[in-house]
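Below: a set of structures, written as structure tokens.
Below are two complexes that have chain A in common, paired first with chain B and then with chain C.
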Partner chain A sequence: MSSDYEFSDNEGDYYDSDEMMDFQNDDQDEDDMEMDDYNDDFKISTGSKRKSYEVDHTSLSQTSVEKSMKDDVDHICGILGVEPAAAALLLRHQGWNKELLIERYMDDPAKVLVDSGAAVQEPARDSTSIRTHSVDKFAAGPSSRRATRSSSKLLSSLTSPTRSSAQKYISSPTASASKSRKDAKSSEEPESFVCPICFDDSLELKQIALDCGHSACSGCWNAYTISKIRDEGEHCIRCMTEGCAIVAPDDFVHNILVSDAAPDSDTTENLVAWTRFQEILVRNFVSSNPKLKFCPYPGCTNTVSCPSAASKSVLTSMVPIVSCGAKGIPGSVKDKNAASSASSSGSSNSFYDKEHVFCFGCPIESDHRPVVCGVARLWLKKCEDDSETANWIKSNTKECSKCQSTIEKNGGCNHMTCKKCKYEFCWVCMGPWTEHGTAWYSCNRYDEKGGVEARDAQSRSRASLERYLHYYNRWANHEQSAKLSVELYAKTEKKMEDMQITSELTWIEVQFMKKAVEEVEKCRMTLKWTYAMAYYLARGNEKDLFEDNQRDLEKAVEDLSELLESPIETENIPMLRQKVTDKTVYVQKRNEIVLEDTATGFQDGRWRWNVSVDGFEEPLEEVRVD
Partner chain B sequence: MDARLRRVNKEIADCKNDKTSNISLDLIDNSPFHLRGSFPGPEDTPYEGGHFEVDIVIPDSYPFQPVKMKFITKVYHPNVSSASGAICLDILKDAWSPVLTLKSTLISLQSLLCSPEPNDPQDAEVAKHYTTSKGSFDETARYWTQIYAGGPGTKEAKGSKGAKDEVAIAGLEKAHVDQFEALGFPRNKVIDVLRRLNYRGANVAQISEDRIVEELLKS
Partner chain C sequence: MTSISSRRLAKELMEIKNDGCPVGINLVQADDFSIWLFTIEVMGESLYQNEQFTLQFRFDQQYPISSPAVQFVVTEGRQAPVHPHVYSNGHICASILGNEWSPVLSVIAVCVTLQSMLASCKEKQRPVDNDRYVKHAPENPKKTRFHYDGEV
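Moving on to the complex of A and B:
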């Protein structure tokens, strides 16, 4: 699926990237090298200029997203003067909107801290006394300042980086001293602790609490945290006490699950939960940043950054198809096959390893170029709703020639009476029953006037259905062919091996077959979507030109497909190689032309639709020229 | 011992020892993880005098995930399904906290009976009844308490018949039902349609008789 100009583009992007684009992807580099070995034949242009149908994007690994999260957190720490753990909670609560957070924090720091679960709600009486007290002494400004400091200090006693953990052992003397609000009950007799969750009262029980001081045993905290992460996918782990809004900071979660986990807890389960927790945090960050999108492929943890497609309004002028750089699906059967065949026959693993290509602008998990997201969605919805129904209607029903109601004949004679308009007609010729006279059955004459008119009306009402099915069938055909590509790959691989045996060609030299198959599959994807586009394009010269390009590409693709399917004869191999290579380059060029032309059309606003599409002009009243 | 079992046993024991709350827990099928809780209907409500039973299932991840509760006794209440007994209460869903106990949850159910939340209904028809005509709703709820939860009920209802009165269960006026039944529609159909259209209180003036006849013909 991938060709080297895409890779070289990515490398180009690497250097002119903005703040978070310091990605590293070893896999991709390796692939790049590998492809270069045998792809020299197929280079169309060596120019590094980006094609108009491509979009700048960068792939980010989970680690690099975590790094940019950390940068944001540090940034907030620097500005607001809070601890990193608190800053992370604040940012998460505000959807990682730094400006909004800073603004809100400046307005009322205590409220923002409490709302985000980073600080305990001060008892109302206390806070007013502080305020009145400070208003006496200072201006209004310092009074709010002071509240800030007191809340953040509260948190810092728990999350200061010098201490290894954010959690607090009530039994330890330093901890109980640091907390004046901690009421006497628990510090008086720490040895008689009964966990309020599991009612365990054994002496070796470790008592843990968040900032709020609501303690429970470490085993309960562990089970609770795992349940929250695994069962609910929650990154916001609140104190277990009812109504308490304090949220566990990340290092607290880490302690509970990893570094200081309860002795009888399951270590693997803990680690799985911790990994999942980190992933949830990254997903939360990614989903609140419109410039980022998480790779939708199963098991993939990469993120793609595509700043140029961040707003919805650009989706009418571009199709932001991106790739996260990874391939295959971890743990899948295909992956295993690929691994074994790779060991036996060299670099064939990309036969099975689909590159993770998806659309940045909409939820479609494949390349829907050349058509824009809005139209692609419209088409998919229509197919979902209509195609089966339409097919059934087409083959099983007729329309009443007077009121156009759709009628299914489920028995009885040919004398039909429309249930809706009471029109009586003949099912066979669709003409009015009156013309059949009193004779029982007399529609053997084709050109009865009424019958001809009725059939005309019928055909007009069928036309739109026919039109849809025309496009749908071609769309479905290409989709089906693309699905069969796995089989074709296997078949081609077999042929390649045969060729090696019967001719002098080396493995590298027979790669032309594989490249051709890849190209065919890629072009079928393009072709598939051109039918969706053509269905909605308004009539006119633009559409004619588009359909010409579509026809040329389709013809080229079918020619190449045929060549690939043809049997191999030893003496013809050099010629076949020449032909396939030529055709592949031609097909590739035709594909470029279709993509290039539609993309420029979107940029220039050249395309007009025959339905209304979000973000585009309303369709003009269409004049029928039959 | 398993932490969940220890906790549930303790909760059951606590409930037995606590004589003031009037809440009881019994085992169903001898498993401590499937219980039947019961409590008296709160005073000064249509549920007063009733005895309400709740089916309690304790999930594997208890107490970190909420218990599953539903009413065994039929209750006429906006936040309880009149058909299945399913309960709409935040602490049984996202507002659950591991420190909540079976007892405290049952007490919450009891107080839910005192203060219905018709804006967040489980049973939309009942909620509509509640919002249009509180008086008529209370009467129906009291009648349900009487026939399903063993409540004292209204005097006239008690005196007149022993059999269940379909019209009163649906919270409708007998005169209205008779009126449409006289047109030749089956009684249960009339009750069904009138209940669905919420033909009660102030709504009676708003719904034309033609509309009802239309609905009756449709169904």
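Moving on to the complex of A and C:
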């Protein structure tokens, strides 16, 4: 993609300016356009000259997201007067909704603290006095400590919000929370702490507990924490004791894994887990904030902030394609490609350093302009329905009616709880579980209509298969060409080298080839999605105009492709260069027109569909394609 | 990790041998630290009177941080109890074997929990989706992600 330039090193910048001069020499008329391009298109955060198909966004590194998390935590500390560790747990529990948290906390601080795992559940009988006078109770000292379920919880009965929930190393034998029948007695003697998890009783054993006082040895805490983080990706690490809801604060996790890790634990593993933990925390924060989205590219830890695309309703009038600013995929992919390409040139890397472009509004990990998310999703789903996997997914999974996560039910009862958004619903009727009461075996809310509709849809799709194939084949063709682009890049690079040798052009001067290849690839992406759009566009003048633009772009792209594939003869090189440069600019312009026109159409609400699309008006009956 | 798992199991085994199992539960086989077998009977009045089941525990290196794989044995003339949370292949849908497992729990604690699960059963029937589950179920019940409701 042409936006390679923005992040390239000085060498790359040099190409840019040189090329711009080239174009000025070649064709003065095209100059403005070229300038625009460099000012707008290659920028990550676009300025006031933003085009109608672009969206304002900024890229944030993991550190800056961590900073805004810290700001939120400090904010809560200031207002609620709690320790930062507790504030972090409170915020995570409330999905980082500060207003909601403050409101709930004001209502019932003790309950909110207990629910979020920041404080120990108080015994019911004295709950009222504690809830209202937690600070007095703290001041009252040991006399207010009461025996709770077991004497071992004494230590933690202070749940004042001002108290730090940092870890405690317990030396007192009475603090042992061992549940073992046999160990109950031995805990009277200070020396004989037996870890209730591994049953180790050696003297060097370090006893660790959270505020709840349930101790275990540091080795077990370490193993448990790592398994929670690595295997479950969990940021909420609860006390190991059954039924205990206390959550380990961040500094506790840090101590367990890094600063005070068990001596026999694997340092590398500890560090990996700690790094992963921090990433999980950032992901949790990002996923709670609709203005943020985590970069979906593997190994990338950047976050993109795009406030203008934060609500679902704007997705009918814009396509929020964003980039996190990073490029390439860390690790083997790039190296492998670089190695497999026959080229010896060092600059070849830029071909494989794909920028991290993705859609902010939907899970599609590529640029699906000009078509909006809802239609793009419809199309992809339709294409996938033809594959076996998709058929399986269709028959065995359902989507959470709240967050759209795909869920497979492979056991248990019909009472489903979405793992992602915790929405509770009925597997049979997909309605909220709250309406079901306790009748969880048989759901009588099942609606026959759903089955009838499914059968109707099936017969309709059979009838329209031919129409579908027309669009699908063209879509697939562009998709395939885009996939072959790696080969095309390698081939083009070879040609550029040949050209350098056979003509007196410098390496910089033959860059026009590379630019053309990039442009072709970019336009193929646009074209690909125009077929998805055309498939769903309702018949009429608007669609005719759209297809005219599509045809013009496609014609231009095919012409340019052919030029690039044509054999190079030494005497023709200057002419070829001129032709390719002109065509590239023309193609660029046509692409611009398609994108601009479609984007404006979405803003004006001009497009009509032949199916119902989320957020759009229902299609008129007569234009419905059957 | 190896040491934690085997040390813990050795200790549990010693306790079982010294103190014996709770009533209705008997250790059948514990030759190594990977598979243990118990027989389990429901004492007193229940739907499962005079029935005996065999319970199999499989431990991995991560035990007790990760839960053991527990299921009823259904070979050699052995049957799984007919119960709304027990599939005919012996797999058990119980939260303490999944997301509510705690390293503080032990083999005996699991046996006792399952025993009381059977004892409190009011109607002998298989889970609603038994046939479909059994057809696709993984060999190891831990690979199944059960969804639990509050009545386990």
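Keep this in mind: the second predicted complex is superposed on the first by the 428 of 626 C-alpha atoms of A that agree within 3 Å, B and C clash if a C-alpha of one lies under 4 Å from a C-alpha of the other, contacts with A are read in each partner's own complex, and residues count from 1 in each chain.
In this section, a residue touches a chain if its C-beta (ideal position, glycine included) is under 8 Å from a C-beta of that chain, and two chains touch if they have at least 3 such contacts.
Just so it is clear, the structure is predicted and the values come from calculations on it, not from any experiment.
S.K.: Does chain B (first) or chain C (second) touch A:410, or do both, or does neither?
M.R.: second
S.K.: With the two structures laid over each other on chain A, which partner does A:219 touch: chain B (first), chain C (second), both, or neither?
M.R.: both
S.K.: Could you tell me if A:197 is touching chain B, chain C, both of them or neither one (first, second, both, neither)?
M.R.: The answer is both, since A:197 touches chain B and chain C.
S.K.: If you stack the two complexes on chain A, which partner ends up touching A:298: first (chain B), second (chain C), both, or neither?
M.R.: It touches nothing on chain B or chain C.
S.K.: If you stack the two complexes on chain A, which partner ends up touching A:242: first (chain B), second (chain C), both, or neither?
M.R.: Both partners, chain B and chain C.
S.K.: If you count the residues of chain A that each partner touches, which comes out higher, chain B or chain C?
M.R.: On the superposition, C touches more of the residues of chain A.
S.K.: Of the partners chain B and chain C, which touch A:567 in the superposed model: first, second, both, neither?
M.R.: After superposition on chain A, A:567 lies in contact with neither partner.
S.K.: Can you pull the chain A residues that chain B and chain C both touch?
M.R.: Residues 196-200, 214, 216, 219-220, 223-224, 227, 231, 240-243 of chain A touch both chain B and chain C.
S.K.: Quick one: in the complex, what on chain A touches chain B?
M.R.: 196-200, 214, 216, 219-220, 223-224, 227-228, 231, 240-244
S.K.: Please output the residues of chain B touching chain A within their complex, sorted ascending.
M.R.: Interface residues on the chain B side: 3-4, 6-7, 10, 61, 63-65, 91, 95, 97-100.
S.K.: Which stretch or stretches of chain C touch chain A in the complex?
M.R.: Residue positions touching the partner: 1, 4, 7-8, 11-12, 15, 19, 62, 64-66, 87, 91, 93, 96, 100, 102-105, 127-129, 133, 136-137, 144-149.
S.K.: Spell out the residues on chain A that touch chain C in their complex, using ranges where they run on.
M.R.: Per the stated touch rule, the residues are 179, 181-182, 196-200, 214, 216, 219-220, 223-224, 227, 231, 240-243, 409-417, 440-441.
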